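The structure under discussion appears below in the form of structure tokens.
Naming follows writing order (A, B, C and D), and every chain is counted from residue 1.
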């Protein structure tokens, strides 16, 4: 369980997939505007939200992530025109399936964040991290072998 | 096994103040594959890059990780540095420990821990990187300029002067754009037509420029250097080769009730019309919605009076398919609709007009022949009130959040021109802030106040109420006097916010160019690449990128032209090597990937495959590297995982996930 | 059955086809096997009865690579799978001669056993034109079981008696639909997250990763499955914990989402009796509700929902409203 | 409670009740330009925003304007920055009423508040709004 060694508090692991053109740039803008969000959030850069395979999300959970969020360009603004539309369907179905097998809904999220929305990026990450703190450690999907 | 070097940048104190860079170096050095780790003040500096190059040579590095600012900032820098040192540029990964770490976290321990994890993820990824080699694609030495206003004309002239063919596509019957509608221009007050029309003529006469007026871009495919564009040339119903531009048809046309687009609907035009006298080409268009011949089949007067026999009712839209290497977007702007601003009574009174309408009223070729008069009764006004920031700087859905930038200056211009020509007319300007940065701009505004006696009042107008006597009651704030003012006016002029021309939105989709929430096209970098779209080969000229005045527009148009020329001057382009690639042994040939490819980059061929000794003909997906832009949609659609994205492979991303979750 | 054999012999004899793909007698009456028949003599072992549930469409992938045409017998629901494979260029229409065979629902020996009948030695009366109840002979004596009581779950939610693609039809079919296809999915949806988790935990813990579900599935037809390839660092491993099989089954269902015709083969062949179709049906239910009704394999030229979109599609956050309370 | 923290608390409370961020104001004065009760007010609508920004709630609470605002919401409707001065005024009214302890406007107070220049409807609606 990801507990802080010193404080014993729950420090979640949060993986954020961000598309290169909008959301990663939005995260950069959040950075250059010094808009803080928890250090628990780690960003993985992907070219487009449509590059995110459901396997990646399940893999993150398997390896002990407590929350996974996918950020992409707003529908209609995809750098590749249509990528986020596919991502939208894929993630809707995947999240619905995770809910169906009893995984807490709050652990996954999709948010559209443009390159200009540094504020939105930071608020989204703050909200998401708060939600994961509320849900507590991910025990339902973790591969227990990976823990010592 | 890779031999990886890790380089941690302090970025002065930008990183080092919140991230313990020494600790990052120490932790990174323990990661598998890492044979070298060091930190430095400014990795992007010449000295920093020299350190990287030296380490690559000394330690025989096969991959490097730079822990620094965003890859959007310096990935290219470090890739070039690696390349110079003999390392494949795609063996470089960036861990973003500035924007995504040091700048947003305050606690050093937390930030350092995160920086270590980000470094670890980048190391895990680079362990799986493979050298990539960019491909090559050809450049069609011809440019397309979309929009025939001053921005488009200037870009086209500059590109053509450099010796390249240029096509201009303009959707209205004439080039000239908004500038052609203006009366005078600030801050020099020279006549707009006098400086614009020579440029229009020059463009039309230029041997390298071909102008498609009354035409629209219908389809765009291809990519930088090799765009294929379908242009729809709408039926003018006039044979442009025969027409002499004598104007007899327009005079005799019995249908004269259509509102003149050029005069902003303030007066009418005939069904067969040229928008304005200096139109280029000087060939009329039949408005088929208004034309009696088209509506009822009877009339045909224009055809009868045309000595040249140029009228052709049967003319059809034509589609031209052309190839271009570069595209300049210069679609310009329009003023916003004022339907939601009931308080200004724009829809209730003819004497409440927008500033662009005032331009037409003041213009000698306009609906009042240049006489300043009330449009309701033709009376000479005694008092004119100007309202600034109508729809600009609004955070609600009625207006636009941005400053339209040009209004302060043109309002000062209008006020000054009116006071100059009609000293008896009282002019009051209500402003929130007067914004006049620019050469000779503030001086201009001060002249309006000091020399021309224009009354500037700080405060917004709350209400304009038409009175029974035909006057307008203006209720406004005087913030400096802390008063509420009620004054009578004969005319109210609204400095209406400008917005990108609505045609830009579908165009952006066709171009796959990004667009912001206000429909302005996004530049590749707000400071360093202000005239380029993030989509390669697309350049931005004029207000389609953001509000700007004429000198700025012309400057940007020239800059966009130079960027386009820089592209056209190349014989070959290197293509992004981060493209999709199908593993022949795993491909099912099911076509799922081709269904989601936005670029039509995937095709299929039947190929003899030797699958561990089994030789059979298989239907295999093949990716065209020149078309593929590397979005990765196909990689997820592919059920077998045969399709993978170079530079962002499944295993690379999974390695990052694992490293973060470790 | 004899009619099928006769027709097959004719087609072999006149050279229309060079082999026949069908079912032959197995070790037990309820265990017929899928088989190729290359000659008239071999066809003597041909069988077609209530236990011939196997969907032969997937075998046509390999048969399409062989020289000459293959005669294949497809039940109405199997034709959806064939269409879907055709849509994905996995089978060659020109290499198939399709006889649409009649079907009155297929039988599940587990349903018979569930009635407390054991020591089964023979089952009869399961032919297409057989009686309303089947005769089960056991070492303890004979039992009569109503045909519908022994039917596979999938036949109670039958898609219809119409063949979607065929060259000729032999035998009458019956629409055996008498249950709500989505009832079981809806029942799970109504559970609390803890109950859902417990339910799937219990079901999936039975999984032995034998891959039967994958191997029989006509949509799971990749040359190499992602769970066997090195592409995702997800090579087949022994299940050690609760997550592995969940990931496997979620991904398996996801990979066939929008392509699964709901033929029910996965659940039919699962040796552990896991109701695997509940994963596929969840996706089908979501797709129908969110993106409009879609039946994979209805025709061979549809665009599957996951490679399609509309501008106004629901946002993923809709799961918060539709999902568990 | 120290004075500073009380001011901060009240300013925060106003923001919470009104749902308005006064810092969005760009001081254009359109609210005051629009206000039909402008002449009756000692603190003008646009000044209200600055008072809230500065946390000067005490002055607001004592101002005549608090009860002169007609709640016609013209300023809310026309404010280009979504600052909604009338909502701030309304929030200030609520704070005043809450301070009184009863939270509510009492029926006996109405006669003293009556003003022939103002529509009685306003007081009736205020009564409805602030009574039990």
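The rule is short, and it goes like this: a contact is a pair of C-beta atoms (placed from the backbone, for glycine too) under 8 Å apart; a residue touches a chain by one contact, two chains touch by 3 or more.
Note that the structure is a prediction, hence the values are computed from the model and not measured.
*Asks:* Looking at A-B and B-D, which one has the bigger number of contacting C-beta pairs?
*Replies:* Of the two interfaces, A-B and B-D, more C-beta pairs touch across A-B.
*Asks:* In angstrom, rounded to a whole number, how far apart do the mean CA points of subunit C and subunit D lie?
*Replies:* About 70 Å separates the centre of subunit C from that of subunit D.
*Asks:* Quick one: report the Å distance separating subunit A from subunit B, using the average Cα coordinate of each chain.
*Replies:* 31
*Asks:* Can you give the whole-Å distance between the Cα centres of subunit B and subunit D?
*Replies:* Distance between chain centres: 44 Å.
*Asks:* How many angstrom lie between the CA centroids of subunit B and subunit C, rounded to a whole number?
*Replies:* Centre-to-centre distance between subunit B and subunit C: 53 Å.
*Asks:* Would you pick out the residues of subunit D that each touch at least 2 other chains?
*Replies:* Touching at least two other chains: none.
*Asks:* Quick check on subunit C: which residues sit in contact with 2+ other chains?
*Replies:* 226, 232, 306-308
*Asks:* What residues in subunit B touch two or more of the other chains?
*Replies:* 596, 637, 650, 654, in rising order.
*Asks:* Chain pairs in touch?
*Replies:* Going through each pair of chains, those in contact are A-B, A-C, B-C, B-D.
*Asks:* Over in the complex, which subunit C residues touch subunit A? Could you list them?
*Replies:* 188-189, 191, 193-201, 226, 232, 234, 240-244, 246-247, 250-251, 253-254, 257, 279, 282-283, 286-287, 290-291, 305-309, 311, 313-320, 322-324
*Asks:* Tell me, which parts of subunit B touch subunit C in their complex?
*Replies:* 583, 585-592, 595-596, 604, 611, 616, 619, 637, 639-642, 644, 650-651, 654-655
*Asks:* What part of subunit D is in contact with subunit B in the complex they form?
*Replies:* Residue positions touching the partner: 24, 26-35, 38-39, 44, 46-47, 74, 78-82.
*Asks:* Using the touch definition from the top, list the residues of subunit A that touch subunit C in their complex.
*Replies:* 53-55, 58-59, 61-62, 75-76, 82, 85-86, 88-105, 108-110, 140-145
*Asks:* Once bound in the complex, which stretches of subunit C touch subunit B?
*Replies:* Residue list for subunit C touching subunit B: 65, 88-90, 221-226, 229-233, 255-256, 303-304, 306-308.
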